[in-house]
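Structure first, commentary second.
Going in written order, the chains are labelled A, B, C and D, and every chain counts its residues from 1.
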Amino acid sequence: MKKFVNDPAQFVPEFMKGVALANPDLLDFEPEFQLIKRKDAPNNSRVSVVQGSGSGHEPAHVMAVGPGMLDGACQGAVFAAPPVDACYETIKRLASDAGVLVLVNNYQGDRMAWDTAVELAEAEGIKVKQFHINDDVAVKDSLYTVGRRGVAGNFFVIKAVGAAAAKGASLDELLALAEKVNNNVRTMGVALTSCIPPAKGTTIFELGDDEMEVGVGIHGEPGRRRDKIKPADAITDELFDAVAQDIPFNSGDRIALMINGLGGTPLSELYVLYARAHARAEQAGYKVVRNYVGEYCTSLEMAGASLTILKLDSELEALLAAPAEVAVRIF
Amino acid sequence: MKKFVNDPAQFVPEFMKGVALANPDLLDFEPEFQLIKRKDAPNNSRVSVVQGSGSGHEPAHVMAVGPGMLDGACQGAVFAAPPVDACYETIKRLASDAGVLVLVNNYQGDRMAWDTAVELAEAEGIKVKQFHINDDVAVKDSLYTVGRRGVAGNFFVIKAVGAAAAKGASLDELLALAEKVNNNVRTMGVALTSCIPPAKGTTIFELGDDEMEVGVGIHGEPGRRRDKIKPADAITDELFDAVAQDIPFNSGDRIALMINGLGGTPLSELYVLYARAHARAEQAGYKVVRNYVGEYCTSLEMAGASLTILKLDSELEALLAAPAEVAVRIF
Amino acid sequence: MSDISQAQIERAIQTTAATVLKNEHYFSDLDGLAGDGDFGTSLATGFRVIQNDWETIDKADIGTMLLKLSMMVSKHVGGSSGPIWGTGFMRAAMVSKGKTSVTLDELAAMLGAAIEGIQARGGAQLGDKTLLDALIPVHETLTRDAAGGAADLGATLKDAADAADTAIDATRGLEARRGRASQVGERSANTPDPGIVAIAVILQDWCTEYGVARTPKAPELTRETA
Amino acid sequence: MSDISQAQIERAIQTTAATVLKNEHYFSDLDGLAGDGDFGTSLATGFRVIQNDWETIDKADIGTMLLKLSMMVSKHVGGSSGPIWGTGFMRAAMVSKGKTSVTLDELAAMLGAAIEGIQARGGAQLGDKTLLDALIPVHETLTRDAAGGAADLGATLKDAADAADTAIDATRGLEARRGRASQVGERSANTPDPGIVAIAVILQDWCTEYGVARTPKAPELTRETA
């Protein structure tokens, strides 16, 4: 296993400890519940925005905690939603008079854990609401299933809601805002390799040397199909078309464009994809107002990338431009 | 080849185009010389700080161009120093009355190219000086060779010099500052896998499934030795000891601590290394004043990391804290 | 047929823990086919705690013990398995409060309560390709046997194991409609559901533990016992 | 011995281009042993341009032509190879300005000038395990043959190829003291220097091109010609 790991069972708490040590003034870390929160939260004058999900998607989700972003987040084991207790304690520790908004990526495990935790918290009189993020267009939505998956679009929901919460928006306003962002953001990804969860010690799926998984999930779940690896531009075109046609986006739209690395793909390749995606957006008559190239929602060391488009309006543009700070920094 | 690439020969210009498209207000891109520069440079009231090196180390070097960092950088093919002409044109386009400082990572190819370019530029009356960065402690220095390699410590030289240049420091002052940072920064890295240069299409070296290369170069050059992969803490300890003993650093030192990913290693693993490195620094009595965890100087998709320690003083602390902006962003 | 003692239930739980730990990687690999490869690890995390803390668990009565198990799962098990198994234990606990032995009827009622709780929690129905497709048929055999169908507990165990075993092949071809696997559309068809397999493997091991002879059918079981 | 015509030199350059392109990956693989695996690609990039633009290159005389080649290398070739080969062509051009044919003496002088230029640029000496360890012995054979040592150009070519071939094994055990390979300490010992191999392969192919029979010695050459 080509990984920096000590005891695989301790992988998650160990990297969370690193995050805390690297941000002593900003964050508190509670190992018992694998919970990271802002030192200055909760603040009764504003809603607490929290999340909790499986690990392996870093910087999502615990590394997205900070001013203008999340107030706190708890993590489960790699790819496993957090235990019910961790979700409950997260709500409890971040309970604010203004309320708590839980941003849940749409997976059954996360939903069941948060549903249970929210019931327990409400029973204690805590004001809390949930929102389910589901931006992945890879698998067609269906009434009879759990619905679409939540992937990299998650970043935009957090950024917008976090910025609005900082400005003092109410719980209901934030819920409406989360829905607005989610309704206007779409993503699809592709994997060139499978990742290896430390505790599993083996790949989740097998890909041939010349194969890719189109529409892969961020936990290595299958996507639309297995195919031969194509030139970067052809791959970008397929992601772009799938995403652009879903809402659909229209000529004249002002958009934010994201190329998200899945963990093992270097920045240089992501910019090759961005160059094509940007050109396609301009051809389609979209105005790229903001762009994001890097790692936002990963799948451990999986080689691959996802493309996300968010339709903007003046409110969203202002919220995306608002100052924010998270555990991961450049300078 | 598990890569997003079109024509391998176009890999570098294509990703540079992506960088330019993603930063339309900040950067200009000249494909002919694979040169990226600040739109607002040169500025005759301050020294231009430039760099040029092989590609494959992104965000170094062209993605480090921006206010408070580099004024411009040219790139060669993957792992190949830029052609002489590109270096010469870079100096020429960024020539300022205050002078041009070229920060050269210490490799023979880069040195010969810049030596030639500097001779040509000086012949035209351009005021230009060079500095060689050599922070890699993996291979013992020797008078009879080209000397130590320049690796991730490069970031600190750029950051400090870029901040001082923005404040209007003179060419000689910047040269002295570069030397001061270089004298106080040390790095060593380890590789868990080899990368695959797109044009080569195969790995540079072969590592067994359970092997690592200790002290690897950022171009896949051999390091100190081949060894079996050890637990993350043991690896961190070896890197930490090699670096700490080199200058040596002393109890009471105020330091900046960096865990740099080599490209294929996810953030989560980097924070596992950081947790240990931070603990070791505190045990040694160093005060970690600033920390950096992420990708600063990579080797394509190589799985691996390097550890860098920089000894600080009040001047360097202020320069590292100064505002800066580069092509790669989070928000 | 004689009542089922708390001791027998405790032995079944310890057997289950052993089964889950022994199959950790196998269950995760099965989950990798249409899911995310963590099922085995998530379950093992919980049952490892149960095994390690076994002596200290309050076993005043069956209900108390199951409630403690439910709390341990809620504290330590993540993924869908946490809420599902935690709810299951919790609901079974509520209907066995104060009891130190149960009739087969009461055992069936415990499983029935667990099934209802899991359905309320996750919204899955029979045929959605979740472990409920094993638990519901098993529940039917228990009710039938309680109504005089089976000679002894061994025969009941065998009927239950048969039902779970059958569920593996009966659901293999289906597309999942609940759980992560339901989010991959037709890509979930023709892969066994790891939860169903886990129930069948556990019941097969119960048979072995209680000396009940039974030849498994589904390839996942023959591979496993092989 | 008769003079060497510009046509013969042009043919040698075209042969060199073919050799470099044919061996691009092999040269890069050799560079991977103690270096960074780009030697073949860097050289090939330059000689591909030379091959493609061949017709348009100003060939007024040998010096003019070599100067143009030097400029093409400076524009397109990166890595250490750019300055080294660019300087080499440039210096050879300066001493062949205006000539449309050269004596063997003058050819030796051109190579001598190139060697001096490369040494000035990169500071390498004989024994530092760089391509100079091939070029310097080759230069000696040219001077010797020019002083009446060789019967004809074929014999001279063979002597030169022998010298470069010998250099491969003679330097294999050394630690590099210049170039990237010098930064890996003893890890560079017992690997052939790609630059030396390239010179030997090029001269071997010149022999073949000019119909000079010669059996290569070093494994890198036999592999290559195999």
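Everything below uses one rule, namely that a residue touches a chain if its C-beta (ideal position, glycine included) is under 8 Å from a C-beta of that chain, and two chains touch if they have at least 3 such contacts.
Quick caveat: nothing in here was measured; it's all calculated off a predicted structure.
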- Message: Based only on mean CA positions, could you tell me how far chain C sits from chain D in angstrom?
- Response: 74
- Message: With centres defined as the mean C-alpha position, give me the chain B-chain D separation in Å.
- Response: 32
- Item | Rounded Å distance between chain B and chain C, as computed from the means of their C-alpha atoms | 55
- Task: Would you give the residues of chain A that are in contact with at least 2 other chains, written as numbers and ranges?
- Result: none
- Specify the contact topology among the chains shown, as one of line, ring, star, complete or other. line
- For each chain, which other chains does it touch, given as pairs? A-B, A-C, B-D
- Touching residues (chain side chain B, partner chain D) in the complex: 54, 76-86, 107-109, 112-113, 115-116, 139-140, 142, 144-149, 197, 199-205, 217, 219-223
- Residues of chain A that touch chain B when the two form their complex: 1-6, 11-12, 14-19, 21-22, 55-56, 58-59, 63, 159, 192-193, 209, 229, 231-233, 235, 263-275, 278-279, 291-295, 298, 300-301, 303, 305, 320, 324, 326, 328-331
- chain A-touching residues of chain C, taken from the complex the two chains share: 25, 28-29, 32-38, 41-42, 45, 73-84, 86-87, 121-122, 176-185, 187-188
